[in-house]
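Letters A, B, C, D and E mark the chains as written, and numbering starts fresh at 1 in each.
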Amino acid sequence: MIDFSQSTPVILSEVRQLTPTRRELVLNMGPQHPSTHGVLRIRLTLEGETVIACDPVIGYLHRGVEKLGESHRYAQFVPWTDRTDYVAAPSNNLGYVLAVEKLCGIQAPERAQYWRMIMAELTRLASHLVWLGTHALDIGALSVSLYTFRDRELILDIFEKFCGARLTTNMMEIGGFSREIPPELPEMVREFCRYFPKAIQQYEDLLTENPIWLARTKGVGIIEPDVAINYGLTGACLRGSGVNYDVRKAMPYLLYDRVEFDVPLGTHGDVYDRYLVRIEEMRQSIRIIEQCLEQVPTDGPLMAYESQYVIPPHKNVMTTAEDMQRHFIWVIKGFSPPKGEVYHAVEHSKGELGYYIVSDGSPIPYRLRIRSPDFVNLQSLPYMAQGAMLADIVALIGTIDIVLGSVDR
Amino acid sequence: MTELSATHFLLLSAALFIIGMVGVLTRRNILVIFMCIELMLNAVNVSLIGFAWELHQLTGQVFALFVIAIAAAEAVVGLGIVMALTRRADTVDIDELRQLRE
Amino acid sequence: MDWQRLLVSYFVGFVLLNVLLGLMAYMTWFERRVLARMQHRVGPNRTGPFGLLQPIADGIKLLAKEDIVPANADRLVFLVAPLLSFALAPLGAAVIPFGESLHLFGLEIPLLVADINVAVLYVLALGSIGVYGIILGGYASGNRYSLLGALRSTAQVISYELVLGLSLVGVFILAGSFSLQDILREQQRVLVIGPLTLPNWYILSQPLAFALFLIAAVAETNRAPFDLPEAETELVAGYFTEYSGFRFSFYFLAEYINMIVVSLLAGTLFVGGIDGPFADGVWWLALKALFFLFFYVWLRATLPRFRYDQLMGLAWKVLLPLALLNIGLTGLVRLWGIGAL
Amino acid sequence: MERTVDWLVVIPLAPLLAAVINFLFGKWWIRHRAHWIAVPAVGVSFLTSIVAAWTVLSRHERLHQPLYTWIRAGEFHVPVELVADQLTVVMLLVVTGVSFLVHVYSIGYMHHDPGYYRFFAWLPLFVFSMVMLVLANNFLVLFVFWEAVGLCSYLLIGFWFRRRSAAEAAKKAFVVNRIGDFGFALGIMLLFTSLRTLDYHAVFEAIPQLSSGTVTAIALLLFTGAIGKSAQLPLFVWLPDAMEGPTPVSALIHAATMVTAGIFMVARAHPIFLASPIALWVVAVIGALTAFVAATIATTQFDIKRVVAYSTVSQLGYMALALGVGAWIPAMFHLLTHAFFKALLFLGSGAVMHAMHDELDMRRMGGLKRWMPLTYWTFVIGAAANAGIVPLAGFWSKDEILVGAWVGGAPLLALVGLVAAFFTALYMFRAVFLTFHGQPRFDPHELHPHDPPATMAVPLVILAIGAAVTGFLGVPPETGWIHHALEPVFESATHHKVSLSLTLGMALASTLVALAGLWTAHAAYVRGTISPAAVAERLGPLYRLAANGWYFDVFYQRSVVRPLDAAANWLWRTVDVGIIDGAVNGSARIVALTAQMWRRLQTGLVANYALAIALGTVLLVGIYLAFGSTLFR
Amino acid sequence: MSLQVLIFSLLACVSILGALGVVIARNPVHSAIGLVLSFLNVAAIYLIARAEFLAVVQVIVYAGAVIVLVVFVTMLVHPDDLPEFHGRRPLRIVTGLVLGVALLLEVAAAVLTRSLSGAPGPWTDEAVAAVGGNTQALGQTLYSDYMLAIQLTALLLLAATIGAIVLARPEAVSERVAAARRTLTISLAHPRGLDQPERPPALPRPSDGQVKPAGSGRPIVLARSANEFTEQPAWGEWRTP
């Protein structure tokens, strides 16, 4: 039933008058609530301390990204992608770019692919650090967030060194990287990979064996594997319940099949398991980055210039007429990929981020759909919230690790 | 009226007791009636202490202690009943709780 | 003659109050600095050297803030409630002996405001009255959520008050009196076990009681793992949400004064207050209290927050039985004459 | 002289056990095998009776067996003892003998009856009660088993209790018996109040002490019991209705045994009757009248069993007549012979009924001789014996009675007896001719009458032989075997010398009367020379009188039953409902009214109660201050 | 007028005012505050009567626990419409007052003209001080003459707590939650376990190589490739909660 008395008409679970004497307490959490990772509003129906019904209300950060996608040329949309999940921007870019390349049939050169993998794994670390910090802060451990944000700064420095921006990186381009890799970057990343395991150990010391942390997370928000699958959860939420699905392993893209890494699976599907899974994922990402650093060819093309959909190399534009003309058309009209539709999924830090693009041959995509993992994972919140305590809601929001940008798009 | 004697205590006790009684008789909110009963019990304590003071005996104080203990027990159970009652009848007005009559 | 003694004790009381307020102010500074150090950051250092003027700055800011009284609030009760908890907090320090009596210009000034024979019970009584500050504050602010927040925190304070009281019974049994003066005198006796000569501090003979007292004290003052009501991240509103400006700070300052008083009390009751290895004196008490205050901040930095039902469960299912067990044991020990302890 | 034995108890015990076993285990286990228990039991009882008879008659001694003391209240002592003297033994033989035969007969007759086990429970029970009645040595024990026998007759008459008429008949029999027993009980009580003891021997010796008025009263009261039980004149109405019960029951109870109990009781208590000539006279008159009335009714009946029933009443009348005139031994002799041929007649009619599929109305029978030769011959012998045709038993015993009457000072009654004898012969042979002779008045194809099976036929034959032979027990009229046997019992009675010529004369007269009866019956129903209808027409009111049982039933109905009914109704409606219920409900209503008033005081508001308490305290304190304390003084 | 009587009458007046406040206040919370005020003053009066232990106990038990409970219940029972009407029962109010005044006069009369009838007891001030204070004296008497009474009161309190718990226990929330679980909420996804297949059968323990003990006895399973644990999730019976 739709409750029109509220300022914004909200579809409600039927609010029941329990017994004549006991009215349910309906609590509005958000949208500006400090622990709701952006602008998520939750309408909680409480029975004393226990949550009876939990209705997340989203849409406060909806900017109509997909609609915009249908009115921008393919290359112009890239900056939008890193504003959906503003905590892990490069992965978003990567997802979109790979989808377009698949549409156009382009293959980025090997060196670019390696660097894309490194950047993707670094964004996973950055995103997990944000997750760990806020998650611990919500449950009350103040200091952990300080440590995690300190370490995240290092990653952001790398990003800044690589593409000039810390948060909205916009680093991936269709066909590879147009700019050269800064020479001191590999050393910075290698140095980071040496430091980071010690930092992870610091977090584990603070939380993993902490009795209060265990009390607040163990047995809270249990999702059975079949329920997780039915909810369509992906990423750490799914793997927390023991279901083995990682896009990098299931549908390997870039060069993930050349690197050796494990996919951690939880055994109980509660908040604590997802915490352990994500911590283990961070360690695995470090392993991936180190292997990539070893395997990446130190020199070689970064951009698939040979393809007609790719922007011509900068130095040729000024010198050769043909490139300059192609560059002009590419910039003004944009390239028009072949007719058809494509769906490409990427293992984003929150889960499976998928781009579905329908092209009608024109430079502007006919339809652009972003399958954002946060939006899907959020759906499991009401299920987990059933019978949970009020204080658990905060832990549950933390454990599904949502960023409202990618939820609302 | 110069030296502090049990009479002062007894007068105070009487005053408090009467106020409590009037409260119980006139008020309609169960909880206020409940408080007035506590007031009456307290008045009794005052008189006990008064006598203990005047007769230099501790028995008054000992009894006062027991009265407090029992008043606490009574309060706990009384409030339990009030909770159970209002959960069913959804009213605090003593006059509406007349089911026992039928 | 008693007029004069009354005046002296009044004077000592006045001095003690001011010292307490000063300590309270700098407690805020102390906490923020220590917390920052623990969180890998610096903490307030802009206002004066090492940020020492920060508390004063905060005070002025709060004074300047607009003091809003919500529409459907119960005006009188709304205004009085924070005053109540702020006023009751320092009274606890009145019974704590700060040292032997001074002989200044012919007057014998006891460094103790009032040595009443039911001292510790008096402190407990203050604690139980302090609850009204919270519950009336929650009720008076009119909105239902702060009322529920008030109910939850009162329930927590009452349960831990019980544990606090019972944990101290062990000490009373050994000391044989409620008055802090006697308890202090008992602790100053030197304990000789074989080769060791230990101070007869109750922390040694009553370790369990000490642990219970500490946990209960932390919970009683709504600090660290037990600071559920203030957890603004969780609840939509604690009991003080509608308060703003200086009235809001009353609650916080009351909390800090409570923390200081409890630390002093812990110091006196368990670690021999002013009694120290070389020369007894108030500085020993200050040192011990400082350690407890540091312990408070340390807890706040590391431990996440208890959930409400775990918090209550801990009080009633774990601490209370332990306290009763401790009372039983100490009783038996005292009964069978190993009174030497 | 007296001899104490311990086997005498077997006679009553065997049938009792049979009854109990059949009753308790009949429904589920024994069911259709009940006769295997009942018949042997009665057989044992019969054999023991024979032994007892042999010992008593041969050694002329009384057998005596004390069982236990029933009542011992102060000097009133009622021991339950079994005493067998000559009279008892004769009765025992009759009872157990006929019972045994009826039991055997019942095997066949009751073969498909669902209540088979129940029948074979009640029948032995009846035998037990009858035997105990006969063996009793105390008026109270006699009375108890007198009632037991009444009960058994009620149970057996109403055996098919689902049929309304059977239930009504049983109830009627029991009520009428009770009326008789009422008198009987009064008699015993009067006896007790006057003599303080109820033991036969003691009573008989103490009779001379009583005033003649008391004795007469006792005798008459005792006789009323006999009237009720032996269906004498005013209280005979129940016997014809008792035909509703199964035929073997009628045969055993309503022919041979129970109805004779009254006669036996009078015979047993003869010293009392001898002490009051008036009582004897009354007995005689009633006996004669009953004989005559019953005979006339019998001639107008069309139901074969009712004919035999009325004939029983008539024969009982004869016995009473004999007792009345002091012919004690002939009365017993007639009882003995009657038992045989009356049982035979009943069983015969039972066989006929069985064959005709329960058809009783003689107008729908006829010509059964062709199909049922055995039954026919046995029935004829029975009829002849009853009518008093010469060689058969009936002639000897009835003749002696008439002689006794003549000699005993009541020649008129003898004449009445003769007339009754004529009617007896008439209705007996009317029954014979209607059922067995003439053309069958039913559809032979539909019904196939045939002789009854062996179990029913054998008893018929034995009884037939009995009917024929028992007469010779008393052949030299005054000095027969039976007379010597019973002599010691009645030696206190006066004996009239009987001249030979009187005996022969009476014998000739009775035979002539019997033959006349036979001839008229033959004329009316075989030769058709006299048309019964015409006779009925001409006799008119007389015929209708006889047909309706001299309107006794109607009289009772109108004079006793209806007024009682009305009285009961009145009592129920006005007294019970009006007064008693009225009082009870009335008081309840008063209480309700007052309660309604007080209820308004109970408002349910807690506050009101608090105010009441407060008021109470104020008053109490005030009173204390005013009176208790020194304040105002 | 000695100092004591002065202070006593001051405190008495305040407590009487408090008591009046309880009766007159429209809002039960205000009457509760009045009651606290009255009790605190009575506690002070006990101090004057040198019954320190009683005073503190009065504050802790009465003011600190009982009235807090009453306020608690007022909040829980009827938080919305607390201010209470004064009732339409003028008759009842008048009779109440009249009876009150009458009883007051009677008692006052009795009190004023009373004659002392009790024998002065042993516990003079010096005796109390000798023992070490009111608490110690009280302790001695309590645990000597009134031992039985103490145990009975203990039993009574136990019974009262159990009774209160049973009375005030709200309906079991668990069923309500289970019922709520069955109702559909906004999430259009899984219809809340209605047709949820029961838990898949137990998984055989994965080879130890893959199990990595992660935290507080809780293992993490490391899947090397995508086709491990496909039919069965790593959700095995051997998991320890």
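The rule we apply is simple: a residue touches a chain if its C-beta (ideal position, glycine included) is under 8 Å from a C-beta of that chain, and two chains touch if they have at least 3 such contacts.
The structure presented is a predicted model; accordingly, all values stated were derived computationally and were not measured.
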Checklist outcome for this item: Higher number of C-beta pairs in contact (D-E or B-E) found for B-E
Checklist outcome for this item: Relative to chain D, the most remote chain by C-alpha centroid is chain A
Item to check | Distance-to-centre winner among chains (Cα means, whole assembly as reference) | outcome: E
Checklist entry - In angstrom, rounded to a whole number, how far apart do the mean CA points of chain B and chain C lie? => result 33
Checklist entry - Per the centroid of Cα atoms for each chain, what is the distance between chain C and chain D, given in Å? => result 112
Checklist entry - What whole-number Å value describes the gap between the mean CA coordinates of chain B and chain D? => result 90
Checklist outcome for this item: Per the C-alpha centroid definition, the whole-Å distance linking chain A and chain E comes out as 49
Checklist entry - So which stretches of chain D touch two or more other chains? => result 607, 611, 614
Item to check | Residues within chain E bordering two or more other chains | outcome: 53, 57, 65, 72, 76, 89, 92, 95-96, 99-100, 103, 107, 134, 170
Checklist entry - By residue number and range, which residues of chain A touch two or more other chains? => result 19, 22
Item to check | In the complex with chain B, residue positions of chain E that touch it | outcome: 1-2, 4-5, 8-9, 12, 15-16, 19-20, 22-23, 25, 28, 31-32, 35, 38-39, 42, 45-46, 48-51, 53-54, 57-58, 61-62, 65-67, 69-70, 72-74, 76-78, 84-87, 89, 92-93, 95-97, 99-101, 103-104, 107-108, 111-112, 114, 116, 118-125, 134, 137-138, 141-142, 146, 149, 153, 156-157, 159-161, 163-168, 170
Checklist entry - In the complex of these two chains, what residues of chain E are touching chain C? => result 27, 29-30, 33, 36, 40, 52-53, 55-57, 59-60, 63-65, 68, 71-72, 75-76, 79-80, 132-136
Item to check | Of chain E, residues touching chain A in the complex | outcome: 170-171, 173-174, 176-178, 180-181, 183-190, 192-193, 196-197, 199-200, 212, 214-216, 218-226, 228-230, 233-236, 239, 241
Next on the checklist: Show me the residue ranges of chain E that touch chain D in the complex, using the header's touch definition.
Outcome noted: 89, 92, 95-96, 99-100, 102-103, 106-107, 109-110, 113
Checklist outcome for this item: Counting only contacts in the complex, chain A reaches chain E at residues 11-14, 18-19, 22, 47-48, 50, 52-56, 204, 208-209, 214, 218-219, 224-227, 230-232, 241-246, 249-250, 262-269, 272-273, 275-277, 279-280, 379-383, 386-387
